[in-house]
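Here come two complexes built around chain A, the first alongside chain B, the second alongside chain C.
So, the complex of A and B:
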């Protein structure tokens, strides 16, 4: 799997392409860990080019989400192919992941100002 | 004409009848005439001993209007009976603009009560023509007339009256309150400097009215004048000042950029939300995104049961923004809130729920409302809280299917391999959505025990378990599911055979294609179609030798599918396999061939395709036309 990563307004944006399975899931976790270690806890995944995802890939996403939650961060996804959307529905993971139609919409949602007094 | 006048004369006599119904009939008929005599009759009926007759006459008079009616009605303003006076006033207000000029003419009559009534009526009519005459009445000898004139000017709302109102404020103590209130209603910024002075009045009523007036005028520059009043010792005055700021803020699209001691006004603001004051609600909610301490959140949580749905959505949105810092308060509130509130707050909490919040929420798994149990199951799963596993396990035996479904899903999200056996029992649930949820959970967990369990299920006595097994293995998609899926191609159920082939196609890493090749001759056409797709996807052009056999399949749809799938390979050398089908006896096959040839990009098909453009079957002609265009043929 290929991972193109960039940072935009404090959000790590990772665009994945290829198969998300055991090996690539682990690669993805390592990549995200690098950001979390830098205190970048807003992570967005663009899944437009993910052509296959299996049980291990789903498990990786769940585990990434848990880790980000522990750090009070935020984890979003966008551009799900119909195949990925279908497995998210079957597993009801669509209830727990914050999913946007497009990357632009997702990144805009990070701009809502919250400034505790 | 005389006949009409005679008739009206008779009706006037009838008005004196002791019989109620005769008088009522007379009034009704008089109401159909426009002659002054008839109007006079209706006016006489205004003194009828019976209220019903009086009201009927009043109703006709208000419809007739006209100068005679107005003049006669004005006379009734001096009537001894207060009921008649009020009725006359009411009709004059209904007559409205037509009554204004005659009323103005009577504003200087000797009877001060009549002058007062006329001021009141002119105020209610609200016609600006009365402004000058009313301004003159501000200097009337009678205090009641002056107050009514000031009030009427406020009702009319013309800035022309402001100078006179300010002048009368300075000269006559008794009218000050009405003058300030009128200035407020008029809303002319020219009065602001005076109002800032009145705001300093030792009389709390004047102070109150001035603050309200400043708020109504809505000028943003007033905020700095109002801010010091927020600390007034008189709480009521401070709250009116806050309300004025809120109004100004609302009027200026909330562009007031000034620090306000909002904490001091929490009770006032939350009371305003509770009482559905829209200005206060808008103002408060807008500030909550950057004004939240625990007291504020607690106050907000206390009012959410009182707001409408739109506001509740806004409130929950804000709570979501506030996030984890409000989590503990929300979990406290949720335990005692209404069902609606619980559901809303669970939706909010799920955005940031952590293990400690999840622990607080555990008692909700026993909530009497199934929707709450369902939602809390989701939230516990989202929290990733292992301490919820036992509670979620209990929910898998809930009497409500949706709750069981949510519990299974949540257990899957918790990735608890240790509960795989329990999840497998969910596959026997009587409801399909629960079975699917259990299957989904097992897919997320994956791993060897789950794959082994589903592999066993491929031979389960229950066909539904077989169906779920083949679907799940396909989605689990690990290498060790390939062998079981290949074996499932021999399953007696064609839907399972097809599903197994589709899953293998998706997984894409199949080293033994023999079972799929065998499926090309399956007795079921859907299986054969799946096999065509699988082989061409997995092997590409290597599979063409086996697959092309199905171009002669007995089932037209298998032939159609095979042609289409070969077309998707996009390699022009396979055009020779497809070309003969442009002459097939079935149009649907010709259409598939036309489309495939266009995809394969072989121009040798052009002559045959150009010929097909003149076919009677429009679908076929259109497919041929499109193919010709794609191949760059003649237009």
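So, the complex of A and C:
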């Protein structure tokens, strides 16, 4: 999996490409840990280029969310492909995560909170 | 009937190789994208369970995958070399909302037409996942 990261208005924005599975989920957790250690606790993931996700990848996202919640931070996601969104819905994780249709909507919500789509 | 047989050592890096190999095989079978994605996901779930729970990442143990396809059905068999495979499955508890694991089997059951679990003579878990291709191909998009 490839991770392109940047910071925008205090939010770490990570754009993921490829597969989110057991090994890459661990890679993602390590990457996000670097931000949390710098006290950047607003984390957004753009999943537009995630072509595959399995339950191990979902487990990594749950783990990340729990860690961010402990730090009173915020964790959002956007741009889920229909196939990926379907897996979130089947596992009922779409109710647990803050998911936005687009990255722009998600980042705007950090400035002015809005209801996730 | 076409059959592909694959075997992997129980190492973390095997997962990526397996996904590449199974993706390639499914493309060669000329299956529609949605059924390829569903098969890849279910095989991946069974493989990860075999890797971490069955063989417990013991590199001396292997995971065997067999994909067989005919005009109407694709069958994926995933077998590990662990012990007490069926007992392990029986002890499985449904995941809570914030569980980090335990969703694999329910994803397999959601997407597959049929799932069967059996134990090898040595105690390993054998997961058979079947997809009815005709039904899938006629499913509304």
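Just a few scattered comments:
Convention: the second predicted complex is superposed on the first by the 112 of 117 C-alpha atoms of A that agree within 3 Å, B and C clash if a C-alpha of one lies under 4 Å from a C-alpha of the other, contacts with A are read in each partner's own complex, and residues count from 1 in each chain.
Throughout what follows, a contact is a pair of C-beta atoms (placed from the backbone, for glycine too) under 8 Å apart; a residue touches a chain by one contact, two chains touch by 3 or more.
Fair warning: this is a prediction, and the values are worked out from it, not measured in the lab.
After superposition onto chain A, the modelled positions of chain B and chain C overlap sterically. By the touch criterion defined above, A:110 reaches neither chain B nor chain C.
Once chain A of one complex is fitted onto chain A of the other, the partner contacts of A:87 extend to both chain B and chain C.
Look at A:70: by the touch rule set out above, it reaches chain B but stays clear of chain C. Looking at the superposed arrangement, the partner reaching more residues of chain A, out of chain B and chain C, is B.
In the superposition on chain A, contact is made by A:55 with both chain B and chain C. Residues 21-22, 52, 54-56, 58-59, 62-63, 65-66, 83, 87, 90-92, 95-96 of chain A contact both chain B in one complex and chain C in the other. On the chain A side of its complex with chain B, the touching residues are 21-22, 52-56, 58-59, 62-63, 65-66, 69-70, 72, 83, 87, 90-93, 95-96, 98, 112-117. The touching residues of chain A, counted against chain C in their complex, run 19, 21-23, 52, 54-56, 58-60, 62-63, 65-66, 83, 87, 90-92, 95-96.
Taken in their complex, chain B has these residues touching chain A: 289-293, 321-325, 350-352, 354, 378, 381-384, 409, 412-413, 415, 436-437, 439-441, 443-447, 450, 475-478, 506-508.
Within the complex formed with chain A, the residues of chain C that make contact are 12-13, 15-16, 19, 34, 37, 40-41, 44-45, 48, 51-52, 97-104, 106-107, 110.
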